[in-house]
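Letters are used for the chains, namely A, B, C and D, taken in the order the chains are written, and counting of residues starts over at 1 for each.
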Amino acid sequence: MSDALLEVSGITMRFGGLKAVDNLSFTLKKGQLGGLIGPNGAGKTTVFNMLTGVYRPTHGDVKLGGRSMVGLRPYQISHHGLTRTFQNIRLFKNLSVLNNVLIATHQHARTGLWAAVARNQAFRKEDREMRERALDLLKIFKLDGKADEQAGSLPYGQQRQLEIVRAMATQPKVILLDEPAAGMNHSETHSLMETIARIRQDFQLTVLLIEHDMKLVMGICENIVVLDHGVKIEEGAPERIRSSPKVIEAYLGVEEE
Amino acid sequence: MKKQILAALLSGLFVVGCTKSGDEIRVGEFGSLTGNEATFGISTNKGIRMAIDEVNEKGGIKGKKIKLITLDDQGKDTEAVQVVTRLITQEKVVAVLGEVASSRTKAAAPIAQEYKIPLITPSSTNPEVTKIGDHVFRVCFIDPFQGYVMAKFASENLKLKKVAILRDVKNDYSVGLADVFAADFKKMGGEITSDISYQAGDVDFKAQLTQIRSKNPDAIYVPGYYTEVGLIAKQARDLGIKAPLMGGDGWDSSKLSEIGKDAINGSYFSNHYTSESTDPVVQDFIKRFKDKYGETPDGLAAMGYDAAKVLITAMERAPDLNPKSIRDEIAKTKDFVGVTGKITLNENRDAVKSAVIVQVQGATNKYVTTINPTP
Amino acid sequence: MQDFLQHVINGLSLGSIYALIALGYTMVYGILQMINFAHSDVYMVGAFASYYAAKWLGIENQPGLMTLATLLVVSMLVCSLLGLTIERLAYRPLRKAPKLNILITAIGVSLFLEYTGQIVFGADPKVFPEVVNDMVLADFGRLQLKSSDITVLIVSLISMVALQFLIHRTKVGRAMRAVSQNAAVAAMLGVNTDRIIAFTFVVGSSLAGVGSVLVGMKYPKIEPLMGMMIGLKAFVAAVLGGIGNITGAVLGGLIMGLSEEMVVAYLSSTYRDALAFGLLILILLFRPAGLLGRYQMEKV
Amino acid sequence: MLKSLKAPVLSFLGFILIGVVLEFGFSAFIQITALFVLVNIILAMSLNLVNGTTGQFSLGHAGFMAVGAYVSAYSSQHWVPLPESLGFLNFIIYAVLAGLFAAFFGFLVGQPSLRLKGDYLAIVTLGFGEIIRVALLNMDFLGGARGIHAIPTLPEGWGLSRFMSQYLFGLFWTVTCFFVLWRIIHSSHGRALLSVREDEIAAEAMGVNTTSMKVRAFVIAAFFAGVAGAMSAHYVRYISPSSFGFLKSVDVVIMVVLGGMGSMTGAIFAAILVTLLPEVLRGLQDLTGVDLRMVIYSLALILVMILRPKGLFGEMELPDLWRRYVRRSS
């Protein structure tokens, strides 16, 4: 248990009578790439919302590096190193690509309000560094050329990538990707797989992925959790998931007797 | 630098000059010709204009005609400040006449004082007005006297013991009068059953009147403006309150009985003057006013007339027509025979005058008695 | 004890007027999600319309049911026309504009009506004609049950019942509810949304017209700025009850009227306006959607 | 540290020229209007931080202005910290005091903004403004409904006329407010404020403490509104609760929206326009004898909202406009 970076134990989310997620537990080791799959409405995004503090789990606990995250505000959880992307893109559309990334680095800014007003040495140095770091991140996805363009004007695929870059700019330990390949064609998905592998390696990131594209999930995930109606019905390596009757039944339904 | 471009634009906009012709005496007047107390401003303006037209017909003063410049402050304090500043600095008037409401006079008077231009208020009765400076005069009595008048009338003439007070917290005039009345009435052995407030602009007074009713006073002193008093009277009668209402010169408007209808009948209020006085000076004024405007003058029109006449006689006596000497002459006004009685300005530039008590009878105000200032 | 009952009557009568005007706010907000700041000035125009109509028809001092009926009809007609014009000229072009622009436009229309009113009608207060001969219906010692108070309660009740019937029992009502739930889908199902929105303004404005005659009757002093404060309070009542919710508006209006009366009676009258807003802030902090409103969770 | 003071000091000196032109070229009436332009510029810039940059819709800005005006007026009548010769600095102290008090109220009003959005927040801030006004109405030691009279104004001295010292006092605060806000907006803190406007949930997920950002915006804006209140108190020398009513807040919101939400120079330009328009129209009033100012003002407002919803400058600042429109045409 000791090297488990993210420990989710028995989390439940109740909206009125409906249990969107029921007593879910799983763990994610440092550097591991986990998958979270299940049919539509299984409660995957609700799980992400609970991990990131948008919803507070009705009960159960979420530990990151041994510290409980339950009850913390999303921005506090982000400071502890857990960040995310969104199923339907939530970029700061009217702001520039560069500003979108810079906002994510704000939490690490040391210089206070007075430094900004006085524009002193420390402020100018930190501002320069933040911009350089942001541009380096953008280079990974070759977005640095479009740094000054409005985020909303980027093509769909690049907006998805920008969301990942923005999440990485918070210098996270764990990154939750919510259907990053949604709406992408084959080659774009392939290059996404490469990029995820590269950022895991370059930044020692632990990744948890929600995805419907089975080829992508089975291709890169080391451990997969399968959710159906908020309940975990299977967990394990891709091979075990591919052959598990419960998973097939959940996805394809049972043949009529 | 972008800021400079904007500021240059600002000053460029201002090419405003005004012409000054030498052959006229420019006198400024400010009042609320629109807004809640519009009738006050309009009546006063009629009185002032009449006085000025009369003197102009007789050739003006020292061969020069008086040019009256009237600006509307819409019944707002900040507007009064702007308007008087414009009168003095742009229209270059030598004297200012105005304002009925004490709060607006108090807002604007410091400007007249600062620029050393004499200002005469026809009917602001709040004592602090003339304390603003030696250039601020008034030709009417002050609240301490008007409050005392009604307290004396209530306790001695009407022999009342228990009176309630309903004051308009939004106006100096009303608060000043209410405080003085409460103090004097208690000194005369009376009892103030309740002292409740409302704000100018309110329309619903049932809650306050229900509270007042619970102490069943002999009368209710409502030193407010006619705009609210009509409604208060109606709602008081609605609640079965039979006690008469009492008030001050703020009631003096034809709209009072229009709004109050018979609910206001039988109520008393103190005023500067009454159109029924048999004094020939008053009757002659009323005849000329009717010929000019086709209506009988109310107290404010009479006060406006007297204020203008005091200014005119001072200008006639003054050696020259610059504001300084006009101011000194106004200060020397003694036993001036005005329509609203003899006017003498004391050392704090207030007028020591008698007040009349009238009773509302439909559209007319019946004369009841006169109360003179204690020597 | 009689005083308390008197306060209750005063409060209910004041509250039902707030409710009538609040209904206008709630209906427009329900359909367009916009605060129609000009609503209170439509109410003012209604009062002046009845004032001039009474003068013109010469029924200025013939109080009675006939006069009440005529003035109500005149006021409702004028207010509906005005509501229609405002929606057509000022709000329709902004149908897609950001919320704030619509709000500023509404404030612009409100200021325009107030200041044009001051020029056209004159700024000094006018005397509203006698509508109902005001006699004491019942008299329990000090408790006065005036015919004007009763008329206000009855007319408001009739209007609210009529509105409830319109909204829930008629085809147009169903269309209005559909548009307020989801205008896009309603349009797809063949509802002419523009016409329904215009109709909502008509209904809302005519309710304000009713309100203006009732206020004119109780407080016969009318002037161009009379809509400002009562408008703010009626809007607070609508938000109090849950903006967009019809019964909420009525409930909010009555609560506002009663609490204002009690505060002025037992606390001090100068806190009257502060109470309205203090109540609002308390309600919104603890029940952000108002008493009966439903709070939409923002979907992530 | 010195390098960063260059720009503010330079622009301060630059604008003294305007003061000198006004001093000798124009009547006191125009000078008073110019002082009001400075007051409104600060109000517009500060509200722009809340409505424009942070996207929180406040309709209660006049409430903070009232707090500032009363604090400064009261303290200037009862407390003279520095000797007569340094009279000018006294007023700086009063203004700072006024700003701090208003900032505290900004903190209070900021709290509900954490849970409420859009129209609801607008109404609650409106409510706060009205409550502050009514509270002042009931405080007799502050003159209650009658307000405070004869508020001391800037003293003459060091060879400066009364108007010049008033103008410099106003200019000092206008330049300070401009550079403080401009530098905050163009820093990481400013970007965090913008993120709250764009998408609060995404901003929070990216580690921005949206609650403290919103409260911070309210506090800073309230501070400068308080200073503007102090300035107007010492210029008009008479304040009453009714001069800080709901309509004053609407005036400031109109300046921000007219100028273009989020554009500071837009807010400045609109503030100048909105202050001058009624005075320019006053001439019209003499012709027609009827006060059409507010009618034209409200009509113009409606037309701008329909024809140019983004406001005159949109989200751009003057330099961007310069680059886009002027350079392309030349």
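What we mean here is this: a contact is a pair of C-beta atoms (placed from the backbone, for glycine too) under 8 Å apart; a residue touches a chain by one contact, two chains touch by 3 or more.
Worth saying up front: this structure is predicted, and the values here are computed from it rather than measured.
Enquirer: By Cα centroids, which chain is closest to the centre of the whole protein?
Expert: Chain nearest the overall C-alpha centroid, as shown: D.
Enquirer: Centre to centre, using CA atoms, which chain is the farthest one from subunit C?
Expert: Between subunit C and the rest, the longest centre separation is with A.
Enquirer: Cα centroid separation between subunit C and subunit D, in whole Å?
Expert: 34
Enquirer: Averaging over Cα atoms per chain, report the distance between subunit A and subunit C in Å.
Expert: Whole-Å distance between the two chain centres: 50.
Enquirer: For subunit B and subunit D, what's the span in angstrom between their mean Cα positions?
Expert: 36
Enquirer: Calculate how many whole Å lie between the centre of subunit A and the centre of subunit B, each centre taken as the average of the chain's C-alpha atoms.
Expert: Distance between chain centres: 74 Å.
Enquirer: Identify all positions of subunit C at which a residue touches two or more other chains, and write them in rising order.
Expert: Expected reply: 118, 268, 270, 300.
Enquirer: For subunit B, what residues touch not just one other chain but two or more?
Expert: Each of 34, 74, 169, 199 in subunit B touches at least two other chains.
Enquirer: Residues of subunit D that contact two or more other chains, please.
Expert: Residue numbers touching two or more other chains: 137, 145, 201, 291.
Enquirer: In the complex formed with subunit D, which residues of subunit C make contact?
Expert: 29, 33, 35, 90, 93-94, 97-105, 107-112, 114-116, 118-119, 232, 235-236, 239, 243, 268, 270-271, 273-274, 276-278, 280-281, 284-285, 288, 298, 300
Enquirer: How about subunit C: which of its residues touch subunit B in the complex?
Expert: Checking each residue of subunit C against subunit B gives 3, 6-7, 10, 14, 118, 122-125, 127, 134, 136, 139, 142, 144, 146, 148, 215, 218-221, 223, 226, 229, 261-262, 264-265, 268-270, 272.
Enquirer: What residues of subunit A sit close enough to touch subunit D in their complex?
Expert: For subunit A paired with subunit D, touching residues are 52, 54, 73-75, 78-79, 83-84, 86, 90-95, 99, 102-107, 109, 111, 113, 116-120, 123, 126-127, 130, 166-167, 169-170.
Enquirer: Which part of subunit B faces subunit C closely enough to touch in the complex?
Expert: Per the touch definition, subunit B meets subunit C at residues 34-36, 38-39, 74, 169, 196-199, 201-204, 206-208, 210-211, 213-214, 227, 230-231, 234, 238-240, 255, 258-259.
Enquirer: Across the complex, what residues on subunit D touch subunit C?
Expert: The contact residues of subunit D facing subunit C are 51, 57, 112, 115-116, 118-120, 122-124, 126-128, 130-131, 134-135, 137-138, 145, 201, 246, 250, 253-254, 257, 261, 290-292, 294-295, 297-299, 301-302, 305-306, 309.
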